[in-house]
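Each structure below appears as structure tokens.
In the two assemblies presented below, subunit A is common to both, partnered first by subunit B and then by subunit C.
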Partner chain A sequence: MQSRKTATLHTPNIKLTAVKSKLNLRQNSKSALWFLAPSLIILLIFTFYPMVVTVINSLFATNVRGENARFVGLANYVQIFKDPVFIKSLGHTFAYVFITSILTIIVALLLARLVTQRIKGQAFFRTAFASTMGISAAVASILFLFLFNPSVGLVVTFLKAIGAKQTNLLVSPTGAMFILILSSVWMGLGFAFLNLLGALQSVPESYYEVAEIAGWSNWMQTWKITVPMISPTLFFLFVVEIIGKFKTFTAVDLITGGGPDNNTNFVAYKIYQDAFASHNFGIASSEAIVLTIVIAIATWIQFRYTERSVFYK
Partner chain B sequence: MRIQLKNLSKQYQDTEVLTNINTEIREGEFFVLVGPSGSGKSTLLRMIAGLIPTTSGQIYFDDQDVTNDSPKDRHLAMVFQNYALLPFLSVQDNIRFGIRNLGLSKTEEEARIFEALNMVHLLPQRHRKPKALSGGQQQRVALARAIATKAPLVLMDEPLSNLDAQLRSEMRQEIVRLHKEIGMTLIYVTHDQVEAMTMGDRVMVLNDRQIQQVGTPLELYNRPKNAFVGEFIGSPRMNIIDVQVDETGQSIQLPFKQKNGVSMAYHLTEAIPSGRYRLGIRPEDLQVSFVDQGSHKQIMPVKIEAVANLGKEAVLTVTNSDSNLVVNCKTQVDSDCRQAFVKLPSIVDQLHLFEAEHGNTVDLSDKIAAEQRGVIDAIS
Partner chain C sequence: MTWLKTINRYFWLIFLAVITIAPILLGVWASLLPTADIAAGNFMSTHISLANYIGAIQTTPVLRYITNSFVTSTLITLGELVFCTLAAYVFVFIDFRCKKQLFFVFLITMMLPFEAQIIPNFQTIRSFGWLNSYAGLTIPFFASAFGVFMLRQAFLKIPSELQEYSEILGMNHTRFLMGIVLPYSRSTIVTFVIYMFLTHWNAYLWPLITTFTDAYRPTQVGLKQLQAEDTFSNWGVIMATAILILIPTLIVLIIGQRYFKKGLNVGGAKG
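And then the complex of A and B:
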């Protein structure tokens, strides 16, 4: 034990605090384990075990009863990348994730800016904008389904009134995508808004006063002061939003059902269909693994390239 | 730059923050705005800067009406209490941020940054981030940013209140030195009367939305216009004693009793309206002794309630006949000491009589016969 301690202390390039916490962890590891046990057990049962099973399933062909029939190695992976529907699904998922994440953050930022300005009814707007946090994805999806319902939908009625020819957006590929993006942005607004509002309010007013006296325009103040000051929050939101949007399922299931012509058949939904409609767990598992890897890479890219421009206080 | 404020008022919805402010700040002057928190001094400063619009009245810079000009058109610089240094910019970039829009050439810009940093002795630290500097250094960067603009008017909003006492007195001298060197007009907001007294050429005392008094520090100390200024300027605070002027109008009756139980009073040669007044006496104008000198018309025995030893002197809280007084003692005092004798001042300049209701000063100097001027007679 003693020799190990000294070894750690002499390791270069490790911050002293890190060394300290490592030592403490080792000394207290027995009691620490007891405190960690409840969450560890839950993680083991509901996260790590399913992950391992998924990896195993992805290496097996599935029989008609949905059982692992025989070991096929990486054949499932080869097969899904030959499947035009899966490739299309991946592409559309990327587009959807990218557009929704950026839109959500931009709109939330605008709304937060609006609320931090001195306007009447500020408290009302603050609550209203944050309220989407309290609405479940299912309820929101039904709501949007109603809004765009071809016969009674409010939006459709409006479109008819202004003389639009194509009013049933759900049957057009871009229309269906549009509705999904809209509902998803709307759903994500509350969370992003609250985070950005907190970040905006933590920027001292005097920074803007200095800029005002130094003659910086409003736009330049946003660019030179606000964005760098809230960059940690922006970065956090991008990471969380992108991970979250990759997993979009409820809205697809309830609003478009993946259609028309698989145009909104995002990966998470395709996995579900392959698993529970086609009972092909082998294929579904390998798709799930691919999705996990894609999310991991997307997150890694963000940490590698975006985080450079983030300023931490 | 010369600044004139004419009938300046500020209202937020129904609440009036400043009422009818009229004053003139002279070219090159170190002008201090002092007042308790909520007195509107920061609001007034921001109105001069153009950061807050005025409700009514005008602001003139060198006879030019700037009331509706935007801050950048007023050619001024401002230093803030929290320094307002952008944490993600280096020291020199923070200064550059302040002068970028002045339309200077690249070389001129660099020269200004160099000069300003040199003036505040921070050249070696110019590449550092603000976080890597001490509080005092950060405030110096903020000063350098103001200096680099070469603005004829610099506004400072409580620039030293985030610093510890030691640094504060250092920075006080530093700001006074910079002002002497550069010679700009400087308007300085503080709630600390010590800063106001030690730094300002002239001081404006603000309270309750209004100007209480404008004058040199010694004018404020020696001849406060009202009870508020009397109490606000000077440390420890001026004692304010409720007194009664009798029907003759010539006797100010104090709530104190001599050793023999006789009530104390000041006598005037000229009558003033009888009634209730407030008498202000500074702690440093009261003399303490620990030797019983018997009954004397100016001396009263007191009970010591509290002793605060400051080293070379002590501040005592004493009572006589249930009335409290704070007294400065030029020597150290044993904290077990319970009994002392306080001598009331007899010089008219050391007595400040205020009206009971509005607190305005009643001038006593002409209430004394010419041959007695300067001395007021205290009798039993």
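And then the complex of A and C:
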């Protein structure tokens, strides 16, 4: 945390100093403290209060009217960790999050490497690879639903043409997961690409020139020069991706609905279902606390080990 | 064999660029084709027209959705800008006891996922009578720790001389904030506005839970509504709607591109 030096005037002029001490913005602070009130009130009502309520709800059994019926201690937590659907949800969420994050970064790195090398039409390629940045999860999901639609989707048409047996990927557990990972990597590509492009510009061109003379392949250069040089950015991106992907909701809701057989029922979606379809607030709240713990740990790592994180998200 | 290497590189660049923009291009292409051709798998059809767009505007509430998203995103962005500016100002220009601790309180909110707060927030909004309203869609998002950090970073770059001169001139907080701090941080504020507008334009979970009618439903949830209602799989119209929803985003991004290029690549993983 940085703090500015208190303003001091290095001037012998006594008159000026007197004026200053009377009007010092920094010390004349009582009135300006009210500036914090609007944000604090909103955070209290819509962040801290709900977090406390969620913790309390997670310790109660919910009755049919959605009220806290009786205190059950940690029983809800015991129950969710005995629930095969939640365990599956947790495991599949972790798998999805890590595969997606790693793939996004690898693909974005390769694209950024291709674009930073001296080429004509650089601006065009940069725009093309960054283009997915503004696309919402909902629009992306609709585009992928269309591509993989079992009757009209182009991917399916292609699969049929090459003689694949299973063409409706949405009904197979790995197929549904595959579509979610693919759409997610695609969506996240623009952001990762732009960040890596920025980082790559800090790697001196001469390193590559030497490697070129030594006869290193592109892969070798990327692996031995680029990756070590930009490792802070890679780590930052990895943590940011993980935090974002853990909250994946939209794509699940629109593309798979958590299916087939709960295979893509990721944690955020499971919480939503238990809360707003089953109205079991106790169970949903304890699941929400598990999600919070995971996100809080990842965010803490982000704050702790990546200096940019606090400022660039 | 340098030219061979160059050709190889361009082959990959073009191939990967095509793959990357293919989902969007196919969406645009499909939005121009008659649904009958799409259903028949006739993607090479030459029956290109804007009929799906006219159909989407006439038969679906897409314009209503876009209006709702425009109203909510604008309101949130303005509210956030005011609230975050005020908070960031205090954290940079005012000394007070427990400043570090209070800053930490803001920091903590970034560790708490909104997804874990939806049940109590839903109940709060319901008790305020704000379900299915612009108030419910916007007010909970007026405070943003990330927004405060972003503006704080910009305010920290303001030379301390400027503050000293303002003091000598006898400026009060309001005049210093409006006359010096904000104009000086212009480019960060533009980035802030673009980032926040896009984030809220693309919001999904909260509107899904709190809106029930087309009168308040914003675009992203509206898209789900259309896709779910449409029993005939009218892909042409659905694609046209998706593209219509995408256009404002692209306009904002194109306008903001030169600010993003300055190295402040805000954004983040979408959920």
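Just so we're on the same page, the second predicted complex is superposed on the first by the 236 of 313 C-alpha atoms of A that agree within 3 Å, B and C clash if a C-alpha of one lies under 4 Å from a C-alpha of the other, contacts with A are read in each partner's own complex, and residues count from 1 in each chain.
What we mean here is this: contacts are C-beta pairs under 8 Å (C-beta built on N, C-alpha and C of every residue); 3 or more make two chains touch, one makes a residue touch a chain.
All figures in this text were calculated on a predicted structure; none of them were measured in a lab.
By the touch criterion defined above, A:Glu209 reaches subunit B but does not reach subunit C.
Within the superposed three-chain model, A:Gly91 lies out of touch with both subunit B and subunit C [touch as defined at top].
Within the superposed three-chain model, A:Ile225 lies in touch with subunit B and out of touch with subunit C [touch as defined at top]. Of the two partners subunit B and subunit C, more subunit A residues are in touch with C. In the superposition on chain A, A:Ala296 contacts subunit C only, with no contact to subunit B.
By the touch criterion defined above, A:Thr250 lies against subunit C but remains apart from subunit B after alignment on the C-alpha atoms of chain A. The interface of subunit A with subunit B overlaps its interface with subunit C at residues 311, 313. Across the interface of their complex, subunit A is touched by residues 9-10, 12-13, 16-17, 20-21, 23-24, 26-27, 30, 38-39, 41, 43, 82-84, 86-87, 89-90, 92-96, 99-100, 102-103, 105-107, 109-124, 139-143, 145-146, 148-150, 153, 156, 160, 163-164, 166-168, 170-173, 176, 198, 201-202, 204-205, 208-209, 219-221, 223-224, 227, 233, 235, 238-239, 242, 245-246, 249-250, 252-253, 260, 263-271 of subunit C. Here subunit A touches subunit B in the complex through residues 204, 206-207, 209-216, 224-225, 228-229, 311, 313, going by the rule given at the top. Against subunit C, the residues of subunit A that register as touching in their complex are 1-7, 9, 16, 19-20, 23-29, 31-33, 35-36, 38-43, 45-51, 53-54, 57, 111, 114-115, 117, 119, 124-125, 128-129, 131-140, 142-147, 149, 151-152, 154, 157, 186-191, 194-195, 198, 240-241, 243-250, 253-254, 268, 271-272, 275-276, 281, 284-285, 288-289, 291-292, 295-296, 299-300, 303, 310-313.
Residue ranges on subunit B touching subunit A, taken from their complex, read 46, 49-51, 70-72, 76-78, 80-82, 84, 86-88, 97-102, 131, 145, 149.
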